[in-house]
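Look at the two complexes coming up: subunit A is in both, with subunit B in one and subunit C in the other.
Moving on to the complex of A and B:
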């Protein structure tokens, strides 16, 4: 245990950062030697390098975390602050699954689970992640084995079924935070239910970590989470400028720390840097794409395995994605965190996540984003294996088009599984959509 | 037939509430003179253009329900109740309420997920009281605790008769088709009418075994299409154990504790139900339950009968398969026939499965 802890500390704080810094330096050198290609994008964000370092360090430390510190696998919407305050190393299977998709590993991992009888119709994040648990294959080298699974149903019920399967596989406790779906606003007994469950979850986590939750540490983590959400929100708001200093596609990648490392100093340091760079770009008129002629809103998760192709197609024709309901969700919710009442406010905040609210609220969010970011079009990603985010989009398309007078495309794809996407059809639909602006 | 019956109930001064799957507090509705008319789709092709408002990768239950509600198919109902069974029904509820599809009153039951924890029990109690208040205002009736207690007893008797017919299936001189038709009439009949039919059916129970076919266990969502039972019968098999969400999973596995506050009894009844992926949080109890059903019924094979795109059920399939493989219990997996009749291929697979089991049985 002590040796493992030493190894973990070394990888987290000394060797790991040095290795990552070297890797980044050599990547940069290789890139600078390559001839610059004609690109429809603006200059790359300097922070991208820092982002890569941060996330690589996180996954590198993760390789040595089990046996050294308590490890929790958590859903993206879980109130992770108390786990952090108890010293848990947190792994986000959704973030890892997105990484697998970007690196074109999802189909292979899905096939592993499909052989075990999992249907191809299930969420492709879940399939990739269970595939990784069963095959131990991962692009990050190794994921630490969990001591605890922490699942919150505020993004979907799917995560509950998914984590039940993980609990069976790893034979570890599963804490469930069941958040009643919100119509309008949640009633007091619903919030109380979430608060009560948080109390139960804290007890389980304390037992597993062998520590007592310190009020002071909890408050500090909540302060950091609040600050992180605000910083992330300010970064996103830079997209309101014309031209936008970055693209929504950049945002999909730069959201990784607020999802996976929220409530930590390093995340907030990172977003301070990113914000400063974006503000600087705004002041110098640097745009995310070379020539921004149209501004779009994106709804739903990205098509991770096609981000490059879709963003390039759009940028070549002067279309910039200036905001997305997905990245925005991480700024909106966290802002309501109250460090003076960290668990009580967490119950309210985490119940009011966009995916846990009705379609009136979703329409309101899209309407507001389209107006505030002065968008003249929207792409609603109809995501085959994410039903909770996709149901209702057929009507939302009509409503957005008629109420705001903007052009709206419903793009059929999937967030992680390339086998569920027809490139040819997708490109044709995208091209027709862009032509309609002429 | 359903509509005529429900209209006759309205003529008697009762309200009709269309209810989406799966779990809801029946006694509460009965005590308020509300007839529940369950909406499992309905099966068959969508009955109206609104199905296109839901993507084709969402289950037929949710798509068909939106089409049915929007096209006036459920107009005999005065309101609709959406229990929060899964993401698809949650999505359907907000589409119908917020974006159009159902203009009359709608209610939700945001029931808890996970095991029987103190937080879940307290919450469910508050949620049920809230629903009772809303239904009371809607019907203009005040809910008497005594009436609720009586309704609880009435439904307990219904459940126990349903359970008896299912557990003593081999001694029941009814075809699967007839039995399931009877059980599914409980989805819209006023409870006393259903009770009378069940008592009548009970007379067909014999002292000894009358079903001579291969006993099977069925686990899945809803026994649709009904023609499945004829195919099974012709193939020489019958359902000896039932774990359909629509049928067996709604019957308590233990005696429900009676409390002086009938709402507390409803809460206990909720947690007395068999494990279901749409409610419960652990695999082990589900698998234990299925193994007990298998052993008690003497089923020689298992039919896993799922609806396409049904996430809660589909996620459990690998664990069920694994358990059955380890027990060396043969299984047949059937998926997605709510919108249409069984395909020729499905019929052939069922026949081959039953034949294989009966050959094995003779050899043993």
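Moving on to the complex of A and C:
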């Protein structure tokens, strides 16, 4: 245990960063040798290198985490602050599945679980994750075995069955936080219901970690989470400038820390750096794409395995994604966090996640984003794997088009599984959408 | 009248090309089954048009559009809309049932595309669907109209998935259902699928049809019944996309 802890500390604080720095340096050398091709994008964000370092270090530390510190696998919408305050190393299977998709590993991992009898209609994140648990294949080398599984139903009901499958596989306890779906705003009774469950979840996590939750540490983590959400929100708001200093596609990648490392100093340091760079780009008129002629809102998760193609084909014709409802979700909910009442406010924050609220709220968010970011079009990604996010988009499309007078495209794809996407038809739709602006 | 532009529509099943004059009238047309070597086929077709009429700029559309040497490359959606607007000159809803996909395009008051919907990844409810099942039943495309007219009633075909519908049709044949009834059921199934894609149509809006399947009178009649309104087949419906491509480069 002590040796393992030493190895973990060494990897996360000394050797790990050194290895990451070397990797980054060699990547850059390789890149600079390649001839610079004509790009429709603006200059790359300097922060991208830091982001890569931060996330690589996180996954590198993860390889040595189990046996050294308590490990939890959590859903993206789980109130992770108390786990962090208890010293848990948290793995985000959704973030990991996105990484698998970007690295073209999703189909292979899906085949592993499909052979085990899981349906191909199951969410591709769930398939990638269970596939990784069963086959131990991962582009990050190794994921630490969990001591605890923590799942919150505020993003979908699939997570419940997904984490039950993981619990059976790893034979570890599962804490479930059930968040009632919110129409309008949550009633005090609903918030109390979630708060009570949080109390039970804390007890389980205390038992597993062998520690008592310190009020001081909990408050500090909540402060960091609140500050992180605000910093991330400010970064996103830079997109309101014309031209936007970055693209929504950049945002999809730069959101990794607020998802996976929420409530930590390093995350907030990172976003301070990103914010400064974005503000500097705004002051110098540096644009995310070379020539911004149209500004778009994006709804739903990205199509991870096609981000490069979709972003390039948009940028080539002067279309920039200036905001997305997905990246915005991480700035919006966290603002309700109250460090004076960390658990009570967590119940409120995590019940009011965009996917746990009704369609009127979704429409309000999109209307506000489109107006504040002065968008003249919207792409609604109808995501085969994320039904809660995709349901209602036909109505949203009609409302956005008729009430705001903007052009709206419904793009059928999937967030991770390339087999559920037809490139040719997807590209034709996208091209026809852009042609309709002429 | 001298040639002013060429338009070529490289579809999944057929390749269509037109030459137009300054008034947008079609001077020459070519229709051939699509060949896998798109570059060669499109160059040959365009050369034959140039040989007959002289040189002019080229606009390309369709699945193979990026393989064509053309001055302008546009999607089928934009081209069908442009072609349809030139023919009809009024707003409405355009249905194009092509070989690989079915599109419903809404044309605004000045011919612009206000919205469009397409079938999903699979070929359910497309021209390919009809082609496969009719092939299985050994019914030539040209005989569909007469056959359907003879049907006493439609035999429902519940699936629009080409693969499932094929096995469904085989079992209907095995059960001794009349061929003409099955074909009528097939057309109804396709029309229902198109109707779902079209969504609710505003009262009084015109419905136009383009694409090769519009040449099938029985299909058009079935669609009219399902939509509950007249469907106006555009002149030379198969060429509407190529016409739109030509119009986009007309000087």
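The rule we apply is simple: the second predicted complex is superposed on the first by the 438 of 438 C-alpha atoms of A that agree within 3 Å, B and C clash if a C-alpha of one lies under 4 Å from a C-alpha of the other, contacts with A are read in each partner's own complex, and residues count from 1 in each chain.
We take it that a residue touches a chain if its C-beta (ideal position, glycine included) is under 8 Å from a C-beta of that chain, and two chains touch if they have at least 3 such contacts.
The structure presented is a predicted model; accordingly, all values stated were derived computationally and were not measured.
Of the two partner chains placed by the overlay, only subunit C lies in contact with A:401; subunit B stays clear of it. In the superposition on chain A, A:385 makes contact with subunit B only, not with subunit C. When the two structures are aligned on the shared chain, A:436 is found in touch with subunit C, with no touch to subunit B.
Which of subunit B and subunit C touches more residues of subunit A is settled by the count: it is B.
In the superposition on chain A, contact of A:421 is made with subunit C only, not with subunit B.
Residues common to the contacts of subunit A with subunit B and with subunit C across the two structures: none. Considering their complex, residues 52-55, 57-58, 62, 84, 86-88, 90-95, 97-100, 108, 110, 112-114, 117-120, 122-123, 126-127, 130, 277-278, 281-284, 308-309, 311-312, 314-319, 321-322, 335 of subunit B touch subunit A. The touching residues of subunit C, when paired with subunit A in their complex, are 63, 74-78, 101, 112-118, 120-121. Those residues of subunit A that touch subunit C in the complex are listed here as 401, 410, 412, 420-422, 424-425, 428-429, 431-432, 435-436.
Put simply, subunit A touches subunit B in their complex at residues 113, 116-119, 121-123, 126, 153, 156-158, 160-162, 164-165, 167-168, 174, 176, 178, 180-181, 183, 187, 189-190, 192-193, 196-197, 199-200, 358-360, 363, 382, 384-385, 387-388, 390-396, 399.
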